[in-house]
Amino acid sequence: MSVVKLDGLVALLEGFPALTGVDLTVNAGEILFVKGPNGAGKTTLLHLCAGLIQPKDGTGLILGHDLSSERTAIRKRVGLLSHSSGLYRDLTVLENITFWTQIAGVEQSEIDSRISWALERMELDSKLQNQKVRSLSAGQIRRTSLAVFIVRRPDLWLMDEPHAGLDQEGRQIVDDLIEESVAAGATAIVASHDFERVLKLSTRVVTLSGGAVVGVEHEGNQ
Amino acid sequence: MKRLFADIGLITGKDLKIELRSRVLINQVAPFALMILVLFGIALDADQQSLKNFASGLFWISVLLCALMAISRSMTIERDDEALVGLNLSGVDPIAIFLGKTCAIAIQLLVLEIFLGVGIILLYRSEVEDLWLLVSTGLFACIAVSALGTIFGFLASGLGVRETLLPILLLPLLLPVLIGATRAFDDALGVAAVNGWNWFAFVAGLTVILTAVGAGANHLMAEN
Amino acid sequence: MTHLGYLLAGWGLSSLAILLYAVRLLKRGAQLSARVPSEYARWMSSPKQNGG
Amino acid sequence: MTSPITTASKGSKILGMTSIIGFVVLVLLAFFVTDPDIRFHPETGEEFGQFDAVRLLYLHVPMAIVTYLAFVICAIASAGYLVRRTFWWDSMAHAAGEVGTLTCALVLITGSIWGRPVWNTWWEWGDVRLMSTLILFLLFLGYLALRGAFVNPQRAARPAAIVALIAVLDIPLINRSVEWWENRTLHQKSTLSELKIEDLTLFTLMLGILVSVLVMSWLILHRFRVAWLEHIEFEQGVKTAIEERRQVGHGD
């Protein structure tokens, strides 16, 4: 079953054609590695798959929902880790993660256990939990964003440079998380510059250039 | 429905918590409001009587100017680190986002109104003749301002458009609120022989209409 | 005629403003028309157009 | 084929010519054929009235009607856009909004020029129509500013349509509030009722309305075509940009 099915997708950022006709199919359980030079359209592709951009042309299905008309349904089920933290600077780590868990509509009975699981996985100890995001280091902010990301348990993981700003240990945690989630039934699309690391992880590699897929390689660990 | 109210509460609570932490309103907007009152007093070179006569108008102009700042601030919170993207992805009803932000701005404005109210009583020597009229008008008018302000705040900043657009889009539309609230205050402060409660009814009606229009516009704006 | 100055000012300003606006529209329209293929503008009165 | 390509069509040329002829006739009627407004006080026999200043009304009143008409078109087209989501409606709303803003400015200017000799003031704060018209003008300045702020005209369409609709919904409220605010008005119930309405006066006024509608239609038509062409040009630009970008992609 394909989780992502894009057919000739064109997307504009203001007047600029960031995506110029993307054909791409991602099957359930895949870890797709998207590589390409800066400005190739990687970030836009992830935003498009998250249902944040109205496509200019082409058709697409994400998790069975139409990309033009059912983007609300798509948004609920995907997770997006982007360059920005997506956090509120003046709230503490714990307040941020609590807010984002509650707003995502997680069952009341499950909230506490999920939050403590996410905090534990990202190794955010109780001292850090009560610090304002404003006062954290870049790596700690990234861990907090990741905690917010995993606490929602999305079906489709869209990750833009997930390793950026993390130390070796943090990068390993991210890799483990992706593998675990995919084993549990999720699908992941990862855009990264960290070739070697993601290559080991991925089931397939596509190269993006000029806003379109220019190469597909079936390599990686399968 | 329960989910909607819970989400509104979450968003309002979050915004107010951020305000309590960052104190932008208390440290920057409130002094600005006080500054306006003082500037009017100096610029109009007014004697006590005319300041007293103008008090309600000056009060509401100050509220509108402060509202512009509060709305900008409210939008900045969501935009700085792209938290708005997260809100959109969370699957929360856009109406909840709209109402949640509106409530938060309204509560902050209400605090400012109390502050400004004390200001005009102390600085302009206004005398309160009808406290209930004052309170009810202040409450409804600030909801109207917040509702329309939230919509235009999202319109002007959410779409990557310059924030300088906000005043010119918002202020003309709020003119009826300004007029109604000013007149009601005139009566409540005993400076004009008008029927303040009629004006209050007008403001309350406007509040309902503008909030409904705001919610409708928000619905249209939320991309489906 | 009384108020001649007011009359000339009112009528003059209005006609001038509309005239300037109209000229600007025509200029802009001509510029754009030259750049855009004519099949997109059905109103364009070139002979080719009448064939279809 | 020799004539340069423009936004003009056969229809618009006829419309334009008719407008010009109509305008000339209107000027002749308004300035030379109609009488000035001179009345005599029934008791004292004193002369009063607007005298020749009344000739400004043959322009001012039609322009006001046309302004409201343009904004109604803008609102309908905006609603049309929200329903149909096609660029045709958006271009129409844009065209009507811009032309309406221009005529609205002229209504304010001619009104002010007329008010000086007749009311003895350039501006009257207590007047409902004056105030509402000014607010209307400011509203649509905001509308045009919003449109101008977008790089991609297609993204401007929806917010602009929403703003136009809110603005038009707000107009009756503004009118109401200003009316109650100062419960007096310098405008008569109808500006015409006070005049000695002769057949000729009425005819000139009607002609003024007709000419203004024609001029407005011509302006909106051409503005619409400019907006339409801008849209096409943008689309073409995007197409070219996509092609160029694809080349870059495959060049790697």
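When the chains are written out, they are named A, B, C and D in that same order, and each has its own residue count from 1.
As a convention for this text, contacts are C-beta pairs under 8 Å (C-beta built on N, C-alpha and C of every residue); 3 or more make two chains touch, one makes a residue touch a chain.
Everything numeric in this text was worked out from a predicted model, so none of it was measured.
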item: Result of counting contacting C-beta pairs for B-D and C-D, higher pair; value: C-D
item: Whole-Å gap between the CA centroids of subunit C and subunit D; value: 15
item: Subunit B and subunit D: spacing of chain centres that average the CA atoms, whole Å; value: 32
item: Gap in Å, rounded to a whole number, between the CA centres of subunit B and subunit A; value: 37
item: Centre-to-centre distance between subunit D and subunit A (centres being mean Cα positions), rounded to whole Å; value: 50
item: Interface hub residues of subunit A, defined as touching at least two other chains; value: 14
item: Sequence positions of subunit D contacting 2 or more other chains; value: 155
item: Graph class of chain-chain contacts, one of line, ring, star, complete, other; value: other
item: Chains that touch, pairwise; value: A-B, A-D, B-D, C-D
item: Residue ranges of subunit D touching subunit B (in the complex, touch as defined); value: 82, 135, 138-139, 141-142, 145-146, 149-150, 155, 158-159, 162-163, 165-167, 169-170, 173-174, 176-178, 180-181
item: Interface residues, subunit D side, partner subunit C - complex; value: 1, 3-12, 23, 27, 31, 36, 51-53, 55-56, 59-60, 63, 102, 105-106, 109-110, 113-114, 116-117, 215, 218-219, 222-223, 225-226, 228-230, 232-233, 236
item: Footprint of subunit B on subunit A - complex, ascending; value: 14, 50, 52, 54, 69-72, 75-76, 78-80, 82, 84-91, 95, 99-100, 102-105, 132, 148, 152
item: Footprint of subunit A on subunit D - complex, ascending; value: 151-152, 155, 234, 237-238, 241-242, 245-252
item: In the complex, subunit A residues that touch subunit D; value: 10, 12, 14-17, 20-21, 37, 40, 56, 209-212, 214
